[in-house]
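Common to both upcoming complexes is chain A, partnered first by chain B, then by chain C.
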Partner chain A sequence: MSIFEYNGSALVAMVGKNCFAIASDRRLGVQLQTIATDFRRIYKMHDRLFIGLSGLATDAQTLYQRLVFRHKLYQLREERDMKPETFASLVSAILYEKRFGPYFCQPVIAGLGDEDKPFICTMDSIGAKELAKDFVVAGTASESLYGACEAMFKPDMEPEELFETVSQALLASVDRDCLSGWGGHVYVVTPTEVKERILKGRMD
Partner chain B sequence: MECVFGLVGDGFAILAADTSAVHSILVHKSNEDKIMVLDSHKLVAASGEPGDRVQFTEFIQKNVALYQFRNGIPLTTAAAANFTRGELASALRKNPYAVNILMAGYDKETGPSLYYIDYIATMHKVDKGAFGYGSYFSLSMMDRHYHSGMTVEEAIDLVDKCIIEIRSRLVVAPPNFVIKIVDKDGAREYAWRESVKDAHVASA
Partner chain C sequence: MSSPAFEIPPKGGFSFDLCRRNEMIAKKGVNPPSFRKTGTTIVGLIFQDGVILGADTRATEGPIVCDKNCEKIHYMAPNIYCCGAGTAADTEAVTDMVSSQLQLHRYHTGRESRVVTALTLLKRHLFNYQGYVQAALVLGGVDCTGPHLHTIYPHGSTDTLPFATMGSGSLAAMAVFESKYREGLTRDEGVQLVSEAICSGVFNDLGSGSNVDVCVITKGHKEYLRNHLLPNPRTYVSSKGFSFPKKTEVLLTKITPLKEKVVVIEGGDAMEE
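Moving on, here comes the complex of A and B:
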């Protein structure tokens, strides 16, 4: 079994009208066995920047700790939060540092940049950035997620409609993947607020 | 096969581990204590490579003690768990320890907690956890009978149910188990469940 499929994960980020949504599943498994059903894959770097880390959970945790360190140092030096584009470049650089012994993670980065313009991107485990205008996906359920998002996505959705779309796409995709699921975590971020919701899907 | 499991109750946490020290087909001893008392209010149950198990847990124990000597206050369970995960994670790509850990502790401010730490340094705070082949039986038993806020009697009853299940359904089931508990009064041994006692050796 591939090392990327050891723990199981599903991540999606989608752009709306002056807002974005980032969602993940909640399963933590060890191959066929489920260890926990409340695992958090999405982390907040600051109020307008979120990163989701799919793949091997231990590397996701280590990578997150390194990123928090770098971001806090940046905040101390620059006296401001990092822009999403900058953060994406930072993550890419940190991943490529380990080119010949990589972190087995695929990050999904979503944030609000200048003038509240939503920014999303994903990258592979060695930092190859993939910017998109509509949605990005990662994890063991990524192929299903591509299909579901492509079918359900419309440009310029309001936050409530975006939430519904992301939730349906996530739940539909993880239901076809045995390694991810057990509900979902959805964050819908607008310039004024962050709404976190927990989805109850098929609990298997 | 090594069986380690644990759960969190109302104001306490319990860990149970088998007590066989096995080398291929030979059982060296059947009263090997695999649950270490880390400090006054923490327990660590470890399973895996015997040399690594003892060396790594002693290393953690001494470092936890050092922190207390240097700083005058003990580490919280979360801090000790994160320290353990950090050590496993840094060794992972150099000289990995093959040890799975369940860390249970009681803190005055936050109450009892249980941390699941994989041998590849995946860490998660859980209400119930298990390692080894026995986990297939004990986790299912706990999924069925566990509820939050169990009393000590209910929890011991559940632990006994799990032990009975392991003994009856696992092909090379370990005969003896040790149960340890940690609550506001500290970490201590609770009971042994022995079905095979070491033969008495006449003194020379």
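Moving on, here comes the complex of A and C:
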């Protein structure tokens, strides 16, 4: 059994027209036993930058606390929020520093950069960045998510259509994975608002 | 001596403080994760005016393709580029680090970087970590002493060659080079040969795929042809797409409007007293 299958997770981020969506499942388990059905995997760094952390839940929480610390230091020094590209480099550096004893965590970063251009990125557990123009996935359900997103994705989707596509892809994929599911948590971010929605999914 | 209550951002280099915990987890029968590799076919050759580097664009995580169009030709200096195979995080980190060191060296000496400088910095770093930093590189560039092409293995050994291939697709690409390479190729012949070698890796090696990237470096000039060839287009996309008439059931919606950023207009009058 792999360390990533200890807690189970599913994360996906998709790009739309001047907006992006980031979604996760809500299960927290200890191997095959479910211990929470409202676990939060996606965290907000600032209004226009979100990070989802899949993998071992304890490492995800520790890593999130370190990133909040570094981001707040940055905000104090630079008196502005971090750009998504800069933040991705920061996460990559923090993960690579632990190259020979890594955090068992795969982050998915999504944000709105300059001129409201959406930015998404994922990394493996030692910080190898993958910048994609369409979608990125992470977690135990990643293989199903790759397939579902590859089929359902269309470029330049409006926020409502993007929400539908991400939700359907997420729910379809977690239905085929025992270790993730129990609903979904979707954030759709446009330049003017952040819409957070909780989805009803199969509770098994 | 008490340890600080907060963590000071570290000065750089690797940190090994999670190793003991990870070893304990591994002993309990839980396997460590696989890292993203770049499967890969990377090649380089020397032609009459300089160096041509080529790479495929597939990144794999185990048997799954996680990136269909990644960049494997990394910038080192305006006249030096490096292709990387092996663990993706290692190739990216090592090439970024040496690229920064070369920039500092350029500021210090006021001269254009030499390929052997990059070579020595890379091989010293890789040998230092005894092969644990799994980066296999093809380094090429043109400096004041002429065009150079080198290969660097993860343990730190290097070779200087007129044509070179690395990665899982290296045998497929080398077969093409061995049969068709000759000295004094022109630019177009060189790009054609490099593309053919990478395509041979793309179609015959499972770890390589997608598109072909080419980089041509000559004295004082470089051309990065990103996605020079796209031999694997997506032709099966349905024009109808997916539509979901029955909407997803939503339990809770929370809308947070984002504050409009305040625009500061430079007003000269207020300050001029």
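Criterion: the second predicted complex is superposed on the first by the 204 of 204 C-alpha atoms of A that agree within 3 Å, B and C clash if a C-alpha of one lies under 4 Å from a C-alpha of the other, contacts with A are read in each partner's own complex, and residues count from 1 in each chain.
FYI, a contact is a pair of C-beta atoms (placed from the backbone, for glycine too) under 8 Å apart; a residue touches a chain by one contact, two chains touch by 3 or more.
Just so we're clear, the structure is a prediction, and the values are computed from it rather than from any experiment.
Enquirer: May I ask you to decide whether A:85 touches chain B, chain C, both, or neither, giving the answer as first, second, both or neither?
Expert: neither
Enquirer: Just chain B (first), just chain C (second), both, or neither: which does A:146 touch?
Expert: A:146 sits against chain C, while chain B stays out of touch.
Enquirer: Of the two partner chains, chain B (first) and chain C (second), which one does A:192 touch, if any: first, second, both, or neither?
Expert: second
Enquirer: Once the structures are superposed on A, label A:101 by its partner contacts, choosing first (chain B), second (chain C), both or neither.
Expert: In the superposition, A:101 touches chain B and chain C alike.
Enquirer: Once chain A of both complexes is superposed, is A:175 in touch with chain B (first), chain C (second), both, or neither?
Expert: neither
Enquirer: Residue overlap on chain A between the chain B contact set and the chain C contact set?
Expert: After superposing on chain A, chain A residues 101 contact both chain B and chain C.
Enquirer: Which residues, counting only chain A, touch chain C once they are in their complex?
Expert: Those in contact with chain C are residues 1-4, 6, 47-48, 55, 66, 69-70, 73, 92, 95-104, 122-130, 132, 142-143, 146, 151-152, 154, 163-165, 167-168, 171, 183, 191-200.
Enquirer: With touch defined as at the start, can you tell me which chain B residues reach chain A in the complex?
Expert: Against chain A, the touching part of chain B is residues 85, 89, 92-93, 116, 118, 120-124, 126, 129, 135-136, 139.
Enquirer: Provide the residue numbers of chain C that touch chain A in the complex, in ascending order.
Expert: Chain C residues touching chain A: 6-7, 9-10, 13-22, 25, 29-33, 35-36, 59, 61, 64, 66-67, 70, 87-90, 92-93, 132-133, 241-242, 244, 247-259.
Enquirer: Using the touch definition from the top, list the residues of chain A that touch chain B in their complex.
Expert: The contact residues of chain A facing chain B are 7, 28, 30, 33, 35-36, 39, 56-58, 61-62, 101.
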